[in-house]
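Chain lettering (A, B, C and D) follows the sequence in which the chains are written, and residue indices restart at 1 in each chain.
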Amino acid sequence: MIIVTKPDATKQQIEHIVDRIHEWGLRTEVSHGALRVVIGVIGPEESIREKPIAAIPGVETVTPVLKPYKLVAHEFRGTRSPVSIGGVSVGGKEIVIMSGPCSVESKEQIVSIAKDVKNAGARILRGGAFKPRTSPYSFQGLGVDGLKMLAEAREATGLPIITEIMDTKDLEVIEQYADCLQVGARNMQNFSLLKEVGRSKLPVMLKRGMSATIKDLLMSAEYILSEGNFNVLLCERGIRTFETYTRNTLDLNAVPVLKAETHLPVVVDPTHGIGLREHVTAMALASVAAGADAIMVEVHNSPELAKSDGEQALLPDELIDLATRVRAVAEAVGRAL
Amino acid sequence: MIIVTKPDATKQQIEHIVDRIHEWGLRTEVSHGALRVVIGVIGPEESIREKPIAAIPGVETVTPVLKPYKLVAHEFRGTRSPVSIGGVSVGGKEIVIMSGPCSVESKEQIVSIAKDVKNAGARILRGGAFKPRTSPYSFQGLGVDGLKMLAEAREATGLPIITEIMDTKDLEVIEQYADCLQVGARNMQNFSLLKEVGRSKLPVMLKRGMSATIKDLLMSAEYILSEGNFNVLLCERGIRTFETYTRNTLDLNAVPVLKAETHLPVVVDPTHGIGLREHVTAMALASVAAGADAIMVEVHNSPELAKSDGEQALLPDELIDLATRVRAVAEAVGRAL
Amino acid sequence: MIIVTKPDATKQQIEHIVDRIHEWGLRTEVSHGALRVVIGVIGPEESIREKPIAAIPGVETVTPVLKPYKLVAHEFRGTRSPVSIGGVSVGGKEIVIMSGPCSVESKEQIVSIAKDVKNAGARILRGGAFKPRTSPYSFQGLGVDGLKMLAEAREATGLPIITEIMDTKDLEVIEQYADCLQVGARNMQNFSLLKEVGRSKLPVMLKRGMSATIKDLLMSAEYILSEGNFNVLLCERGIRTFETYTRNTLDLNAVPVLKAETHLPVVVDPTHGIGLREHVTAMALASVAAGADAIMVEVHNSPELAKSDGEQALLPDELIDLATRVRAVAEAVGRAL
Amino acid sequence: MIIVTKPDATKQQIEHIVDRIHEWGLRTEVSHGALRVVIGVIGPEESIREKPIAAIPGVETVTPVLKPYKLVAHEFRGTRSPVSIGGVSVGGKEIVIMSGPCSVESKEQIVSIAKDVKNAGARILRGGAFKPRTSPYSFQGLGVDGLKMLAEAREATGLPIITEIMDTKDLEVIEQYADCLQVGARNMQNFSLLKEVGRSKLPVMLKRGMSATIKDLLMSAEYILSEGNFNVLLCERGIRTFETYTRNTLDLNAVPVLKAETHLPVVVDPTHGIGLREHVTAMALASVAAGADAIMVEVHNSPELAKSDGEQALLPDELIDLATRVRAVAEAVGRAL
């Protein structure tokens, strides 16, 4: 940690800063510049990361030298950590397509779409039973009934299931039906929920919040790993910017950065990332070229009757086309589908 | 609702759009322009707001005419709705100062600071017992013990208490101690939590999320009111932008806009809004001039030893100065302190 | 254009709105809803686009039906418009790599790098002679001497040259040396400059501003076309968001959107888009997969001695590797290199 | 300057970094931590600020200790620097209101409005003759004729004039008529223009760009001062964020920050900052409470016929009301009007 003092910091203030650091059990190295004093802090930085050093009179800036996350850091493992979702490995050579409708609407709907997405080459089925909706008057999902329908769709197709958890008190029931938990963008910093899924046996896909930095995403993942659950996938799904033409701004920069910063697999959701059906495939291809390990794509067999997000869902035939093109790009970058 | 078709929409597509609207029980009025067809939808817009009209082939844009919120809308009440927090009314002529430390750290700390903030003129005591922290390794709050200490501080000073709720399962215990629930920025779209506090007897202060639009904030408040709890305060606390000099960008535009759009009281938190101790007072004054009904300010009697956010907390003397200056501005804009 | 009135708009106000529209020579169609009146405006929308209709008492919102750009719109041409830069066609089947240093630093440097980038497969040479620098104390470019060195590099390699113009008064001299003008992100809404380059015979590459929406970019391009210069390329180079890990947020969503909205070729600059040398190649691949027609990449033979942007420049060997991998992805998406 | 190395930096790499620093004439102080090496650079930081140190192999981060601006820094003067515009001092105890229409439309219009704004208490007249418009098809201003009309309005009222310059080649003619140059938000990083106005005898009001950080704004002001023109005013006019309810997000945090960072006067433009006529006054009051030295407000005597920005212009009577209320707040914060 490096502390820079204000130009008008007094000798007493500087001594007081140094004393505080020593009290906390670390050593210091003080350099006097022309205008400012630089105090290097030597010793285990994590032991004082939480101290309000910037509140000490005379301090101008405090710059940590080490990263604030440990378990998720690439150095912690040194290799990648593929995660198995119901037997399907995400994070290895093969790109995995996760697909399904935004919401489970009926048994017929989810079983039929599950067959479609399996046929297109998807290997994991997505579908929401508990739905986070901006409006209290919107369809809120079928809840436990929706989970049961997902299980029937798994029965019918063999596809493992990923579904969203929104409340700590739903963990037990979701664990009975799902193969992977999804924490949505709006709950990325719901720390109670992160701790709770950190105690689950199921893998967790953590979606990046709309205004979360890459570092915030890693810190939220650190919550889950720090509770003992190392089966975590990170999902880029678009951030909120000033651009209004698209639903979100898909930040594909995050893909190579996350692959370098962490050992966890990286998923991209181009459907929410752009929010315009006709451009989802282009962004799926770009995601794979950027290095994504998996892509999550919404599909519906009758978008104009969907209970949520119909305007961004692909038709089953469009998913077949997407998968064909994803395969070509995957092979071009040394991966497979 | 107004539907505009694509330039290349076919006659069949346009008929299909019109048929769908009629199926849903509304009427249409179709105008043929040179390039596009405009379909006006006549009838109760809320009945089709959730329909994925943009997913119907041939549709280019769908523009709602009505606002998506009802209970929070200014029209719903026609007058302002002051909220009483333990007997202190927020939203009337008097500006209310809410103050206290970021976290409750000990009985001595909270009782001592409570006396300080009361002495400065604050009328509500804030203090966190359950703390949402970016890092799992940071101080997470004293939990129920913290709530008990807050109650002792209330006993000692008479100040009602506002404290944060992070998890649906903590509602019962927090209700035993607090006078007002706070839903933090990171949980503004934790819809399970919004529903739960919507069933509480306590008032709720809802903080704007870091990437939440004004409309998003109102929709989240609508969740609480739609469950029956009308005692809701809205709090602007800064949004996330590209500016890094300040911790957040305090969006004071939101104050007059919210005062016009809703009947609910508007609170501003300049402490998080700028995040720099030396500039908190300037922003508190600006908040009151913009029309805020209350301001929430963090105070600590020993910032450099605080367990969280020490760098932005005012000293008790600085709060006295702030209150004096806030009073002058309040009177200049026809309010009082 | 569709005008929605306020809930409390009076009969007189509505009549006044309608009268104004008629005065301006258009017709209206008025629908009375339960709460609001909707006034459809019929006739040539562009004739009233600039009227301050929102300023008329009683008006709540004004929604245009047509897009504000004409010449750049896809419909205007119906097909793509490849642009020739010194004989190299951008916007056809072949992906074009534009490369070179951030700044021209000396004749030796630019000639040597020009040979390197040609060897790697780049077909257009970039290099700045007039440099827009955040600080007045930074290297500002070699000016006309830099232009002459670029011309010598072209002589030595046959590569056409693209270079930035910052001031209307430099057009004449730059036209003597360059094959393509570049308007930088910071000047994207320097409308005087846009008009000036609109009168040039040279093609123009227009970079997206840091806070420019896709629509803003198209409107700025419309300025150039409206002056008669149709040889315009659009360049996505990253927008400014809250993310600080990367220099900018490369908005690859803009690629498929621009390809659908306009007939102009689309270039992506992954170097500025991510700003981190080790991740430029991943983003170049993603750009091509998303549909880019060309990519612009900075290269330096001695980055740690570069006079600007050394930290994001690839080494010549890295460009060779990038080109090899770009070729594979280009072929996977039906293009070539 | 502080350099932190990568965890896997080799001994050779660290020696090479140190050698480079020494070559550039500065000294180093090297601290070996458990994981990383920290290299403190001792000596005049500005001499190596531009070196691409981050491009040297083994370097992870480079953190400057000093600020990149000198002439605009508060320390440079130690006191505030009021600027005189045609005899009206901005930056002293008195708050100055600058007002007028967005565009000069005719002699009658500008003279009439000039009288209105003078009557309301405004002391400087604004009005655009060269207009930066998003669309090439929008009214572009009356140019030199507009300047002449402004001069007639000055004649009629005695109010000094501020008007926008968009192109280096217009400086000479504008200098003949105006009392203060305005550089608009879209040209804040038009460095050619900044240098040109830096050589003018007239004061310059520099508006913050839509995506410019506070530091960017100061660096652009530094351009002007570094050419010799110290009569510079900084204007906050709203930044671009994800919020769409308002035209921009007025960043009032910038006011106390700028007052602390620089000696230059700070102006706020609430009209563009919120873009909604009914809320301009609230934001003007907030601006003054936050510490602004002047406010710039658009006024029109017939907004619905204005050639630009009618929807955000106040009526003359509304300006009178605004001035009355601004006076009260000014006095409450120890200023005057």
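Keep this in mind: a residue touches a chain if its C-beta (ideal position, glycine included) is under 8 Å from a C-beta of that chain, and two chains touch if they have at least 3 such contacts.
What you are looking at is a predicted structure, and each value in this text was computed from that prediction instead of being measured.
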item: Both-way neighbours, i.e. chains that touch chain B and touch chain A; value: C, D
item: Most remote chain, CA-based centroid, reference being chain B; value: C
item: Gap in Å, rounded to a whole number, between the CA centres of chain D and chain C; value: 26
item: Length of the line joining the C-alpha centres of chain A and chain D, rounded to whole Å; value: 38
item: Centre-to-centre distance between chain D and chain B (centres being mean Cα positions), rounded to whole Å; value: 31
item: Per-residue multi-chain contacts in chain B, two or more chains; value: 211, 239-242, 244
item: Footprint of chain C on chain A - complex, ascending; value: 211, 213-215, 239, 241-246, 249-257, 260, 273-274, 276, 278-279, 282-283, 285-291, 325, 328-329, 331-333
item: Residues on chain D engaged by chain C in the complex (per definition of touch); value: 20, 46, 49-50, 52-57, 68-69, 132-139, 166-169, 186-187, 189-193, 195, 209-211, 216, 219, 222-223, 226-227, 239-240, 277, 303-311, 313
item: Residue numbers on chain A that touch chain D, as the complex places them; value: 2, 4, 7, 29, 31, 33-36, 38, 40, 42, 44, 63, 65-66, 75, 240-242, 244
